[in-house]
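Please read the structure below before turning to the comments.
To keep things simple, chains are lettered A, B, C and D as they appear, and every chain counts its residues starting from 1.
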Amino acid sequence: MNPPPATDPLLTDPPSGGPLEPERLADLAAASRILAAQGVVDAFGHVSMRHPTAPDRYLMARSLAPALVEPQDILEYDLDSRPCSPAGRKSFLERFIHGELYKARPDVMAVVHSHSPSVVPFGLVRLRLQAMFHNAAFLADGVPVFDIRDRFGATDLLVSDGPKGQALAQTLGLRQVALMRAHGSVAVGPSLEVAVFRAVYTEVNARIQHWAHALAAGEPLAALDADEGERADVVNQGAGMRAWDLWRAQARAANGW
Amino acid sequence: MNPPPATDPLLTDPPSGGPLEPERLADLAAASRILAAQGVVDAFGHVSMRHPTAPDRYLMARSLAPALVEPQDILEYDLDSRPCSPAGRKSFLERFIHGELYKARPDVMAVVHSHSPSVVPFGLVRLRLQAMFHNAAFLADGVPVFDIRDRFGATDLLVSDGPKGQALAQTLGLRQVALMRAHGSVAVGPSLEVAVFRAVYTEVNARIQHWAHALAAGEPLAALDADEGERADVVNQGAGMRAWDLWRAQARAANGW
Amino acid sequence: MNPPPATDPLLTDPPSGGPLEPERLADLAAASRILAAQGVVDAFGHVSMRHPTAPDRYLMARSLAPALVEPQDILEYDLDSRPCSPAGRKSFLERFIHGELYKARPDVMAVVHSHSPSVVPFGLVRLRLQAMFHNAAFLADGVPVFDIRDRFGATDLLVSDGPKGQALAQTLGLRQVALMRAHGSVAVGPSLEVAVFRAVYTEVNARIQHWAHALAAGEPLAALDADEGERADVVNQGAGMRAWDLWRAQARAANGW
Amino acid sequence: MNPPPATDPLLTDPPSGGPLEPERLADLAAASRILAAQGVVDAFGHVSMRHPTAPDRYLMARSLAPALVEPQDILEYDLDSRPCSPAGRKSFLERFIHGELYKARPDVMAVVHSHSPSVVPFGLVRLRLQAMFHNAAFLADGVPVFDIRDRFGATDLLVSDGPKGQALAQTLGLRQVALMRAHGSVAVGPSLEVAVFRAVYTEVNARIQHWAHALAAGEPLAALDADEGERADVVNQGAGMRAWDLWRAQARAANGW
């Protein structure tokens, strides 16, 4: 596939940020399958990581159900979400979620987008998701809800271009998780492992909050406060690797890579 | 099995609409197993497709639990739901759901009937099922409830003849999903793949609405409106194939066909 | 193991009602594993069948987790729940549930006792279990609750002797399912296959009623009435075999018998 | 790894209480995997047992996801939670839960700490966990909630030193289960098998209470009273071995030990 003459940047595939270690590609593909195994994604949803040595590039699978992703399905994108070497492979319509979050948040090294079923309800009501236990400490500084309708009116709900991705990034601000009304959520982290951990425990936390809310009879829940959340999140970023190690081992056993 | 002399059409097996490609029969058998794997059907429920080249015929398994269906279990029916070549094989009592929906809705190419446990409750209460997220956009123009009691009084609840099937088709109207009081639901689509997608996401959506309702404290949910639903449904019919591709691959891995 | 001289019937093992076909023993062992696979029993619970040719005998596994039962674990009992040939094998403490129900109900050919988690709540509250859909038609004539405390004061909750079994049988009356407060439930049927079907769909129905109740905002549910229940139950006893055929095939695939 | 000169007890590894039978180490490793298989622990949580012949020592896996624990991962600790022979292996931050409970409760021979998702909500609300059925009789004398904030202010929620473990032990008192606000719970028992049983049925009971509470419309639940609880708990400690036998067999089949 020969690129056209490089006159219009929109017509030229952006250059790669450089080669990646095969083990990191395998980790990213495994992350897709881990999210499927944990019930965070079904046939839809995606996870990306920023290029380890080229911060203006990110890596994400071609348009494919997460449980089917193999290392060779991973494409490289620039932060405008143009694929570097598509070679005919189809990209996710919503890759702009990823590109725009990497632009807006230099600290973010990985992004998960999902429609996990316990989380979606919290985007449809006034009540907010709170941190129910220490594993979900990253939620303790608040979980905003992005309503695409506010800026873009009636849409197909998808974050399918740069401006919609930028609006979502504004709603997220400096937080780790944002919900998307009638759609799903995003979770970000300083590493692939932490972003996956946060996506999983956002879902677990939502299930816990459903039950807790039903028991509370309208009284406030004894959730983590912001101070407890900050302290517990520090520990989680270390101890959370125990979860990654388990999930990665399970993925390796299932897939051989 | 020699057919009787062709004097009474009710005594003669209707002729076939013509042969089908084996791959399509395998897809239909796989659809049964997909619906079982996704928790939409248990030992009961059925899926059919209109004959691709003979619109007055449809295809459906003999009376058998969906998880056990093989391609050779599939029978052909006319739209009065008479089997073309039963050869002693038993038909589902409720095949009239399928035949009458194909009569009433020329756009419908596939039908799923199920009793999925999250959906049944919405047929027992005044509250209506709504589209909670973009994947369930096909619900955004409303989900009617068919109460067999209204027209037929006390029954065994089954749609076991033409008139009951016609009454159900009237309740469905131009919509994609109808609930059946104290029984289950039907989902239809312009292809087998889309009908299966809709049956699965009707169940997922119901689970989400249960949770959302419990959190809403009586306030309306920020569900998809009809305009959003129409736009998102267009995208789903394309992107939804990602789900079919996943489920079909899983069925193929499990069954070898 | 030589029996003692037959002077005191309580000291003599009762004689067998005669040999059984190996296939029926395999079916009964499979029923145990089916109930475990369907989530009706965990490590506890048991299923029995009346002896096909000796109505004053019944068959049930020795004290063992249902998922581990093999055909050779099955013992024969008289209706006072004395084992015919224990040969050192331990009996379930609660076998009197079975013996006393067979005494009180000549129509009953099989009994399931379980603590399935969705059903237990309905034994702890004033609200009664109702038939939410046609598969659970056998619940439409009411589901009584047995509170052992009423007749026996503070106990360990177990139906561990004849009088307690008789009291439970009185509560059940002519119905098909009775709940046991703070304990579990029993389901009976005119065949092993129907009793297993009823135990499974009591659990499924309970899950549906939990959701339906939460949506109903205090209004009555559009459950099956007694007339609908009677009509649907007739069909279920035939069509329900489709479920048994599926579950038996799955058990055969897993166990080889 | 040569130990430093034994001048400061804090710098010297405590001596072992003596060798263990390999079968008991395998049981303890199996207990980890059983708790994972039963959904009581995910990547986090831990189980320990007191040394059978040295009551001032206990045994627990190194810091590792429970589903990955092998017999050789088990370390020995003194009751101040110092490892006897760490050999570079990392200990759980929260081992002080275990050490301090063994100090405070000579009757306790095993401890489980978990964050099982149905239980956490009861640590966040005023409503208390009650015994919903006979299998959970060990809850009938009450389930206290430990709020680390009461004594230690804002923390990372972890019981990561002796004083925090002692405070938890005071909250537990003579009971069998205590919840930990915004964190999880502990269950104890007179044997490994009983502690595992209690951890599993605390989770099952919590699920049942969620449903029962929703059905009760504010009326009290017909839970076990203290007298019933005491009687049923005696039976459970014997009959509960049926559960351990099942779970141990399943773990053996999966792991080969």
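Just so we're on the same page, a contact is a pair of C-beta atoms (placed from the backbone, for glycine too) under 8 Å apart; a residue touches a chain by one contact, two chains touch by 3 or more.
Since the structure is predicted, the reported quantities are computational estimates derived from the model, not experimental observations.
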Intercentroid distance (Cα basis), subunit C paired with subunit A, Å: 48
Intercentroid distance (Cα basis), subunit D paired with subunit A, Å: 34
Interface hub residues of subunit B, defined as touching at least two other chains: 214
Overall pattern in which the protein chains touch one another (line/ring/star/complete/other): ring
Chain-chain contacts as defined at top: A-B, A-D, B-C, C-D
Subunit D - residues contacting subunit A, complex: 42-44, 63-65, 67-68, 93, 115, 117-118, 120-127, 147, 149, 154-158, 181-184, 210, 213-214
Subunit D-facing residues of subunit A, complex: 131-135, 137, 204, 207-208, 211-212, 214-217, 219, 221-225, 227-228, 231-232, 234-235, 239, 242-243, 245-247, 249
